[in-house]
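One chain, chain A, links the two complexes that follow: it is found with chain B in the first and with chain C in the second.
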Partner chain A sequence: MAKIAILNYIKRSSPVHELTGTTKLIFFIAWSVTSMVTFDTRVLVCMLAVGAVIFKVSQIRIRDINVVLGLAAVFLLLNNFFIYLFTPEYGVELYESRDLLFTIVGRYTVTAQQLFYHLNITLKVICVVPIALLFIACTDPSEFASSLARIGVSYRAGYAVSLALRYIPDVQREYRNISQAQQARGIDISGKDKLFTRLKNSVAILLPLIMSSLNRIETVSNAMELRGFGKKDKRTWYTRRELGRNDWLAIGFAVVILAAGLIVTFWDGSRYFNPFLRW
Partner chain B sequence: MAQPIISFKDYGFQYTAQASPTLHHINLDIYPGEKVLIAGASGSGKSTIGSCLNGLIPYAYPGESTGKLTIGGKDPKESSIFELSQIVGTVLQDTDGQFIGLTVGEDIAFALENDCVPQDQMKETVHEVAKLVDIDHHLEYAPHDLSGGQKQRVSLAGVMVEQVKVLLFDEPLANLDPAAGRVTIELIDEVQKRTGAAVIIIEHRLEDVLWRSVDRIVLMDEGRIVADMPTKDFLSGDMLLEHGIREPLYLTALRYAGISITKELEPQHVESLTLSGEQKEKVRSWYRDNAGLTGAKKERRELLRVENLSFGYTPEVQNLKDVSFSIEEGEMVSIVGKNGAGKSTLAKLICGFEKPTSGRICLEGRDLSGDTIKERAKTIGYVMQNPNQMISKPMIWDEVEMALLSGDMNEQERKERVEETLKICGLYPFRKWPVSALSYGQKKRVTIAGILVQRPQIIILDEPTAGQDYHHYTEIMEFLKELNTQGFTIVMITHDMHLMLEYTPRAIVFCEGMLLADTTAARVLNDPSLVQRANLKETSLYTLSVMCGIEEPQEFTERFIAYEEARRRR
Partner chain C sequence: MKKLSVKSVVAIGIGAALFFVLGKVAIPSPVPNTNISLQYAVQAVFATLFGPIAGVIIGFIGHTLIDATSYGPWWSWIIASAFVGLVIGLFTMKMNTEEGIDNKKLVRFNVAQIIAHILAWGVVAPVLDILIYAEPVEKLFAQGLMAAAANIITTGVVGTLLLLGYSKTVVKKGSLEKED
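Showing the complex of A and B:
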């Protein structure tokens, strides 16, 4: 069957792949928290450098994930655009100083402070997105559920994630088959028709797809119950691996990043690193 | 006498959602180590019995029960589905849907994980059981890398890890090609011998199950048990057809030859038959008497031509390799071969869903490669396996009319065309009905009507009878045959050997993307090497004719089919 792979597990051998899912999950959480909280440019730049090294080590190449990276870039641009559209002088407010460079029109001024603010927003996203993608691309889906369970998420919820991963390819295949058969009956969703017709037509594909997915759900939930899913409060995991030396090192490193990032950020009492402050 | 492990005493059951009971006065005991086949047409209640055994009733499907049922000494109402699952292990019909894990190993381990078995012990058990069903070299595989038969092995291993006392198989043959089905029956037999578990098989494909001995057959009809007896006695009666189950072909052939089936014949397998010289002569004389039935082939006009067609979903794998054949107007053809042989891919190429890497497809001499899916659909119709994959309107009329809406017909023309189509399909009386009020077979007709309404010259059907019992199978196939006599050319993708033999004079056989044979259906099934390479199964008629010393087994099969058809006509 043709592969419609946009974002999925990419099997390679690298130190990042060898870490357990739990380690990667903890690392990912620590990393995201740090980069979400901090507005400290120094921290962000350091993280960016570390992230680039991890990416290099992981053996995942840009072209493996270029579709999603492209999408992320579009959202980043839109995000920046709207921030500027609604609050063109937010940076001034934030950094409590104003260095006007030039004015576009009316209230749309360009200040050094605003540009600096946008730089920080962009850095934050550039820090998080590649690591998030790396987390998905380097973690064997079999380990997702057990990793979630290890950090305290209910295994029932964890398994829901795992099952979704299991059935996505099936549903994609089914969608393809149904849509081809319906196209043969004059259903066109390719764009020549008007928007309303296209919406109406997509129902002709979605309805059978939903019906068949509901059947699938019934089968799998019966199959799971018949094999004792949910019998006990806990369960063990076939694919879980014990944490090794590298795992502890990675977790330790994650904690260091988190701690160092937060300490540097809040040292002067504010989330925002302010180079404009004059003493 | 040992205690029965399962015991129904005057048991009845009614689903909450239904107006009348599905099971009535069931009395059935199953003893440890027994092998029992529960047969019956769709809607006979055989699957409901299965659900009572594994606890889905009452836990997943609530309802009202009467009488008494004990499983391993327990009353299911006072126990839990988990407790029951440790006594009765169930292999469901849908081999794909019940695959829970992301790999074979994980899936087999699922029940152990839920039981909090420590990991090292779990790995050991999984390995042991996987070895037992011969899947231990595939533990790392994902479900979509496995064949249907392999998936079934995984399901079986998944329930065997619990060391259950009863193994329950719900229509284990439904999704398998004939050879894989045969291997499954052998596997079930072997597993039972090694573990000593009781085995219950729910299936309507009697002849296929009887490939290996079964101790007892329980026949269900309309929610009641109508027979419960040892296989030999069961087959010597003639209650099968009455209750919508197809009798093994070799027995039908014997009956036609005027031999009455008795216990003494050992009728449980074709190989075990003990025919006297006199009886063999009877078969031979029947064969001679029916020489005139098989007619000569008619000359027809070529309609579809496939030339040197090759295709691969990825550049590395070739799903079809240099395939050429042609189909003539008014033909009814089967395309057969094992799962993954390229049959469905071929259909997709013909319909224009995929583009060939090389070669071409011509209709009435015109190259189709420039035509879009929509344009091709006017001449080539495609019907998916499951009607639920196609039906997208609540009302029958709308569903059938759908394909016309995007064309250039006016309302009056459309109305006439839909009415005419509904009449062809025998759906005219239901034209104002909602689709949901129809049976499975009728829904199938609606989807076929939805295609016919465009008046294609060829209709391609993917597994038109999959999962259907004999009654519905006959209903669907007779309908298709009727369409065929009205001039529609019909191509069917199937792995039902009976369908191919009985309804399609010609069969095109595929194996690993290549066209292996293009000949008569009877010839295909009487060529042992072809049968083996294409994962088919020779018919018991072949074995019977060899046993009776008939020199041309394939001719025997052809005469048998012609004779059956002539009988049906009368």
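Showing the complex of A and C:
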């Protein structure tokens, strides 16, 4: 089995890396909220531009993340395709006007409104991508749990996240070992068998994986219990850093983006920026 | 809220890791460009064994990690994933899996997972998609019902077999017999 393409922490030195995990988490949340709420093309384009600048500053190179970008592109194409397939004139409904450009066949028309809707929905996804990728690529996983605790998440939940990050490589290795051992015994889950056989065969891999995971849960939780985990209401973090000047600047910037995005979006009383009304 | 026990914390962590890894390995399905999502079978088993809170957080963390490492988080579906864990966990809460698993419990598990997937992909995900992304209703419900059907089949077959396999390893109460 080929190695699973996964984006992970890429250690470099850049202003983005130096920010604390807490700052990046707040920034990421503010950014996703803004992009989810707004449907304003102007806001989305600005966010995309700012995202590109931050990406440039972060020293992460395109080739570090090209697999991920490819996946995102496929996902976007499929999503747009299905929207068009089901509702070719959805934009007309949304923007309450109709400018027919040409007709492909039958009800599949191409209107300026539909294209504009596709542009917006694509921008909405794209403008989160650089920030989400940077968040993963520039945040030390061990710092992440302390950041969660810092913004008010219970430290037990935060610790669960860091356990997940810690055990992903182990689980992955185990999955590969079991899967190869079962393949050597003739159990196949690739496309060559029937669907039901494939499902049944996957149990032959999953059952040992779950059993060993249950054992691991037992061992790890005993070890944590022995060290007194969960005894107190608070805990301290080895990786915790105090917020510096740049952190406050970044958090301030995130708040400004959130506020400005929302104000510009709802200024005219509607969530949608509608250029067609003015024509 | 009751505090999470140490064991649930670890179960959530490792469950989310499993959810993530299984979400990333591709097992091709008959429909091109889609894969069988084995992670929901495992999430269902963990929700049954460790309860609704574990189910919710496993779904939330696992799905967020899958999305964040591929194309940025798609929050509506992440929340739907968490919701699946919640419903299955709530329905199977009083099942006492430590005392073995019989047919009645398996039926209960399957009813729970069918309800959970229909609500999550047929209601929660599309409604949130409409709120957040303003996508057309027709596309969303078609997509949601497809996802629900696929996940119900996967969870039903794989999840049930996993629970059966698990129950064989549990030593039942009073299973020792006195020799004559």
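The criterion applied here is as follows: the second predicted complex is superposed on the first by the 261 of 279 C-alpha atoms of A that agree within 3 Å, B and C clash if a C-alpha of one lies under 4 Å from a C-alpha of the other, contacts with A are read in each partner's own complex, and residues count from 1 in each chain.
Here is the rule we go by: a residue touches a chain if its C-beta (ideal position, glycine included) is under 8 Å from a C-beta of that chain, and two chains touch if they have at least 3 such contacts.
Computed from a predicted structure; not experimentally measured.
Placing chain B and chain C on a common chain A by superposition gives a fit, with no clash between them. In the superposed model, the vertex angle chain B-chain A-chain C (Cα centres) comes to 60 degrees (nearest 10).
Touch criterion met: A:215 reaches chain B, while chain C stays clear of it.
When both complexes are overlaid on chain A, the residue A:232 reaches chain B alone and has no touch with chain C. Judged by the touch definition given at the top, the superposed model places A:185 against chain B, while chain C stays out of reach. Once chain A of one complex is fitted onto chain A of the other, the partner contacts of A:207 extend to both chain B and chain C. Once the two complexes are laid over each other on the shared chain, residue contacts for A:163 go to chain B and to chain C alike. In the superposed model, A:224 lies in contact with both chain B and chain C. In the superposition on chain A, contact is made by A:177 with chain B only, not with chain C. Of the two partners chain B and chain C, more chain A residues are in touch with C. Nowhere in the superposition do the C-alpha atoms of chain B and chain C come closer than 6 Å. Annotation: chain A residues 1, 162-163, 165-166, 170, 203, 207, 211, 216, 220-221, 224-225, 229-230 touch chain B in one complex and chain C in the other. Considering their complex, residues 1-3, 141-142, 162-163, 165-166, 169-170, 174, 177-178, 180-188, 203-205, 207-208, 211-212, 215-216, 219-232, 234-240 of chain A touch chain B. Contacts from chain C toward chain A in the complex involve residues 3-7, 9-18, 20-22, 24-25, 27-30, 33, 36, 38, 41-42, 45, 49, 57, 61-62, 65, 68-73, 75, 132-136, 138-139, 142-143, 153-154, 157-158, 161-162, 165-166, 169.
Per the touch definition, chain A reaches chain C in the complex via residues 1, 4, 6-8, 32, 36-37, 39, 68, 71-72, 75-76, 78, 82-83, 85-87, 90, 94, 121, 124-125, 128-129, 131-133, 135-136, 154, 156-157, 159-168, 170-172, 175, 189-191, 195-196, 198-200, 202-203, 206-207, 209-211, 213-214, 216-217, 220-221, 224-225, 229-230, 271-272.
Of all residues in chain B, those touching chain A in their complex are 54-56, 59-60, 81-82, 85-86, 89-90, 92, 94, 96-103, 105-106, 109-119, 122-123, 126, 143-144, 158-159, 162, 313-314, 348, 351, 353, 373-374, 376-377, 381-382, 384, 386, 388-393, 402-407, 450-451, 454.
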